[in-house]
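Next come two complexes, and both contain subunit A; in the first it sits with subunit B, in the second with subunit C.
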Partner chain A sequence: MARFPYTAEVTPTIFEKSSAGRTGTVVPEGDVDTPGVEELIPAAHLRASPPRLPEIPENEVVRHYTQLSLKNHHVDRALYPLGSCTMKYNPKVNEATARTAGFVGLHPFMPQAGAQGALELMYDLTVWLAEIAGMEAVTLQPAAGAQGEMTGVLLMRSYHESRGDGETRTKVLFPDSAHGTNPATAAMAGFDAVELPSDAAGRVDIEALREALDDGVAGMMLTNPNTLGKFESDIIEICDLVHEAGGLMYMDGANLNALMGVARPGDMGYDIVHFNLHKTMSTPHGGGGPGSGPVAVKSHLAPFLPVPRVVRNDDGSFGLEWDRPESFGKLHGFYGNFGVMVRAWTYMRMLGRQGIRGTAEASVLNNAYLTSLLETHYELPFGRGMHESVFSASEIKKRTGVKTMDIAKRLLDFGFHAPTVYFPLNVPEALMTEPTETETKESLERYAEACIAIANEAESDPERVTTAPHDTPLRRLDEGRAARELDLRWTFESED
Partner chain B sequence: MSEIPDGLKYTEEHEYVRETDSENEFLVGVTDYAQGELGDVVFVELPAAGDTFGRMDVFGTIEAVKAVSDLFSPLTGEIVAINEALGEDPALVNSDPYGEGWMVRIRATDPSEIDGLLSAADYAEHVDA
Partner chain C sequence: MSFVPHSDADRRDMLAKIGVSNIRELYSDIPDSLVRDGLPEMPDALSEWETVKAIQELADRNHSLICFAGAGQYDHFVPAAVDHLIRRSEFYTAYTPYQPEVSQGTLQVIYEFQTMVCELTGMDVANASMYDGPSSAAEAAVMARAVTRRDRVLAAGSLHPHYRKVTETYLHGQGSELQTVPIDDRGLVDRDALASALGDDVACVIVQYPNFFGVIEELEPLAEMVANAGALFVVAADPVTLSLLRPPGECGADIVVAEGQPFGNPLSFGGPVVGLFAAKQKYVRKMPGRIVGATEDVEGRRGYVLTLQTREQQIRRDKATSNICTNQGLNALAATIHLSLLGRAGLRKVAEVSTRNAHYARSRLEAIEGVELLYPDSPFVREFAIRTEENSRAILERGFSAGVLAGVSLSRFPSLGAPDGLLLAFTEKRSREEIDRLIDVIAG
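Presenting the complex of A and B:
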């Protein structure tokens, strides 16, 4: 099989490439008298020596970073099946609109009259996201998914406080397959996080839910489809039960890519949902962020949303509204990560209503095809998921000693990033695989071929797998030591 | 296969309990199987001497490259010492789980609880299941 070539050698750091006096541009001496920096800045704030910036000609700088990018794995290079992360291709038109001069130069203190285009874009986005959610109001402020969750849980608190239940409703429920951020968020907001077991099919155990529900429950956080990729087919009953107990339903929108345009969280009974624009709406993430985690709510929770709210005025202009006395406050500097909103707006506008739905359908179809190629080679403890499937290497490990981590490392030799490994926690030796809708049939087949070759290799030559990777510039890294003795700072020789 | 020494007691959550020379005092750590499943341990969060725990209360956490897991107290009692060496070198849990990788020394308030723990044979069966 053709392998994706990595540049073989280890790239020196940019500091090591520096040579005194080299430069990309020559700036002539100024012929205007200007005060020295000493006259402009108090001595206490001046550094004693100039910073040791690398001195390198422009082409060498470009080559340096191009080489580094070739060693990296990214969606512009090949399929990136990181389950639950929705590593879809990020269309370049998103970057073009985000770099529009008017948006790039816009200052957050610009009077609203001078920022109508930006406000209209934000307003559009709230309307479109509300439509996908099947809910009435949206805040764009949260910086990413975890802050979206925080918003959701703070909304629960504000809601119960407004009804006089704030003191007694102290519990937030979540299933054992949940992302760790769900219980962490509930705990950070001062709630007790209560874990519920999943049933044999990997879904919420309704009986366990009934037992956990009482008037101390503030709400439940539930991803749908859940972290095993399974649609919570009892979702209407789950929402009814939680509502009857006086709680609110929060949907973690991590897996919305499987549902958008097809089924609306609001219709299922959810009260709150967050979006990961950096997953579902194709804005860059995984080192290329920042993220954006808007939150949609039904109208009974709208008064508590963070300020300012983006509104359309009676005269058709757009504005920011601060006078919301029941709001729980402010969540993010200014209005959220605006550049990400421009990219998401562009993506949604390019797709349109049909395209949004088609995206969800193709993400499920792609995963169904990939799963059909792999399911005879890897176990699938909970069966095929919607947009992602969680495979397990348990049997391979028992037979051959090859672990999921070894398979993940071996995939690098084939030019692929690994799936999410060892998560969710209720699947041992998990390989959580999400191909996304942006892969062609051939791309899915190439990935499946690599996975199957590795499964065969585990039987015939296990050592080849347990010692992987072989073809990368560096071999197996000591991840334990990297975590224990993290050191990312370059030390100049003269500092030794 | 992971090592499961006879003479120790075990929990289903993969802690072991070792008797000491002092009456009612026990050393607690995680098993060889547990460290193998976790992979490289990068941090162990332990309680302070004097803290008390009920049986199967969470007494600390263990962080590996793969995941963070809770540590459960096999017995009801008071922590009389912790393994300070793990602060400097958490990898001792990987290299010598039953020796230098011990975690806490606990004074049991109800030593009869030890009878409720798994024997080496029971634990081997539990791990194999």
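Presenting the complex of A and C:
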């Protein structure tokens, strides 16, 4: 069991470690002979007191952030089964290639002749992602999945506007099991988000869909496999129905790890799909980003994609094309999270055609194996999923009073991260578990043993579980207090 | 090379335990017509070494020039300790801190980051980061519309065209438009034009500081006009210059956004970078994005959690303030570490040396025929625009051959309505000799 080392002490903030006159780095003086800034910039514009940044030697800065780092669970420590997050191993070579000298120093306004390698890399990635999507065009610009979703619904808007339906098609449909970003994105893009109930098997209720479809529907957002990990077996019919009503089909690609190389969203009938390179393509999550959320579309939507587009010119060189009159606009200051794209290129190039499919299959195998170890100890209301399964602790709760949140916290004591909890919303006391393909059989078994031990503990010593965690850097935190008594920044003692 | 760990024997054992005979059976929910027979049309697998070699070949085809381009991204030096620390697995292989008991490292870093952003901008509260400066500006416009329940958004004609385009894109979804307030012959917001554009349906006015042309805007009179009209004043800042300039919060800003790339993040062809987003306290519940707050654990120890989550999509769904979830956490970490290393004197020194380099270049350019400052009477910090008689693209080509990225051509941005010329940016990395080479390139 991996316990956290020497981290139970509270680390003072970096500001409390500051001591006037110290510095962590020396900035060269420069060698031009101009007057000082007080003579170059009118006094009325100059600030009276400097921002109160800490003053600390390099060694102490390094120790501070090293100490903080040790309080984090992370993939390199142990299994991190957050459902829909695909916390797979992040190959170390990704970090090396992303820092190649020719990439890190490249200014985004470098003339295209000086950025051919970067543009070719981006072009390759669009070709490979289009192939996995079964679609014709790709933009790499969205900086994360949510911005990929934004791209998707803005494409719907542009498409309908181009056909004169922009004013009347105001609704975007999504199932009740959808990620919260789906309705949030639809609303942010000015659509009415319309939730559909799922059927008893946790899939789209075809009758409910039929009833909801009319000429006011712009499209539907549907994750596949859905958030229960279940493949939408009626996907061909669903896409046909939405298309017949004049709408577009958008696939939230959060769960593409189960499918890549095996089945393609484009073949299913989807018009749009977004990728999460930080999930499916192993670029790290970074403690909450940077991500990258490329979007693939069928050819009828390609004219509306954001500018600039990465293109291959007739002479074999690569370029950025800005003149796209039907484009809906732009989402990122430049071309997206290029550094993340380098990592994804590295990963996909190493995997190759064999590894892409093998990865998907192993993610499904691993989840099926883990599910087989756990299904006699935890309920599985909708059955085994593909790459993830959603367990429920509602029976355990009824019998023992131990809730899903308690089980999640107790797992932390066993050295694992918790699954995604209380989601999707159609499973009470949900534990949404995604092991990913990079875990060994033994690693899955160790995790299952911990889950089973906790289920047993809930019966024999429930208080041990409800008061967990016990062995983490901090114990349960008062989130209510944080929201009531807002303390969102360090308060300096004296105004110096 | 793949990262699937199983041997054939493992696979057999696992399938037996599951109770299926092959992996295809695990895909039985997928209609047969959708399951592909062959492998995807992609290159064959490579070893790590072959992949590294292929990447190196691509990288070698990019050029390395002495950089005088800015326009939102700046070539600053980043001390080695920054990259060393962000490469710690504990940081970069973690996820969004959903379980605070095992995420205190990430959470405390964000709390420190929020504090630094507040200190730089002079604002009360900041969030955990946005994708970049432009999307921060767009989110500010979206937020201002929600706060004021008003429709129109105004932006200065001197706002970076990419900020404008991204904001327009976000607003188009909301059925709103961005209207431009022209600038005067000093490159400052035209106050008469602003007065006539303001009205009781204006949600906010976005002004860049220093603006796209490098000119230091006079914020206070603008803030007063905007406040009198009941709109929010949004300032998009170059955060390096905020170590010298009066912070926007002191000048009446309601929301401050910025491109945080210069702090700890390499250029990397424009991303990943980090958007800064700060606001007045009274708007905290309308802010987009993650926010970290301090609290205590059951033993009374200080700790940190994600807070005010009822603003966010995972709780509020279609009523959320924004759809953002994953942000630029690792880039915010890099910014926090870099600012900790620089400290208050170091950051000021970076800004001072950058400023003095820019003003040295100005003094040399004034002597060159066919070149004049676009706004010679307006103060600037470390970036300024010149008007060139010669086609700016020809100058850039000459620079390219001479190993110099001689700024950014103004003719890239027809929406600015500016004459042809170059936008030149300076950092502490540039030496006098390098600036002299730039001058030679421009002089022809």
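Here is the rule we use: the second predicted complex is superposed on the first by the 414 of 496 C-alpha atoms of A that agree within 3 Å, B and C clash if a C-alpha of one lies under 4 Å from a C-alpha of the other, contacts with A are read in each partner's own complex, and residues count from 1 in each chain.
To be clear about the criterion, contacts are C-beta pairs under 8 Å (C-beta built on N, C-alpha and C of every residue); 3 or more make two chains touch, one makes a residue touch a chain.
Quantities reported herein were computed from a predicted structural model and do not represent experimental measurements.
When the two structures are aligned on the shared chain, A:Ala430 is found in touch with neither subunit B nor subunit C.
Once the two complexes are laid over each other on the shared chain, residue contacts for A:Pro91 go to subunit C alone; subunit B is not touched.
Look at A:Glu479: by the touch rule set out above, it reaches both subunit B and subunit C.
In the superposed pair of complexes, A:Ile407 makes contact with neither subunit B nor subunit C. Look at A:Met268: by the touch rule set out above, it reaches subunit C but stays clear of subunit B. Looking at the superposed arrangement, the partner reaching more residues of subunit A, out of subunit B and subunit C, is C. In the superposition on the C-alpha atoms of chain A, the part of subunit A touched by subunit B in one complex and by subunit C in the other spans residues 423, 478-479, 481, 483. Subunit B makes touch with subunit A in their complex at residues 39-43, 63-67, 90-91, 94.
Contact residues of subunit A toward subunit B in the complex are 405, 421-423, 425, 478-481, 483-484.
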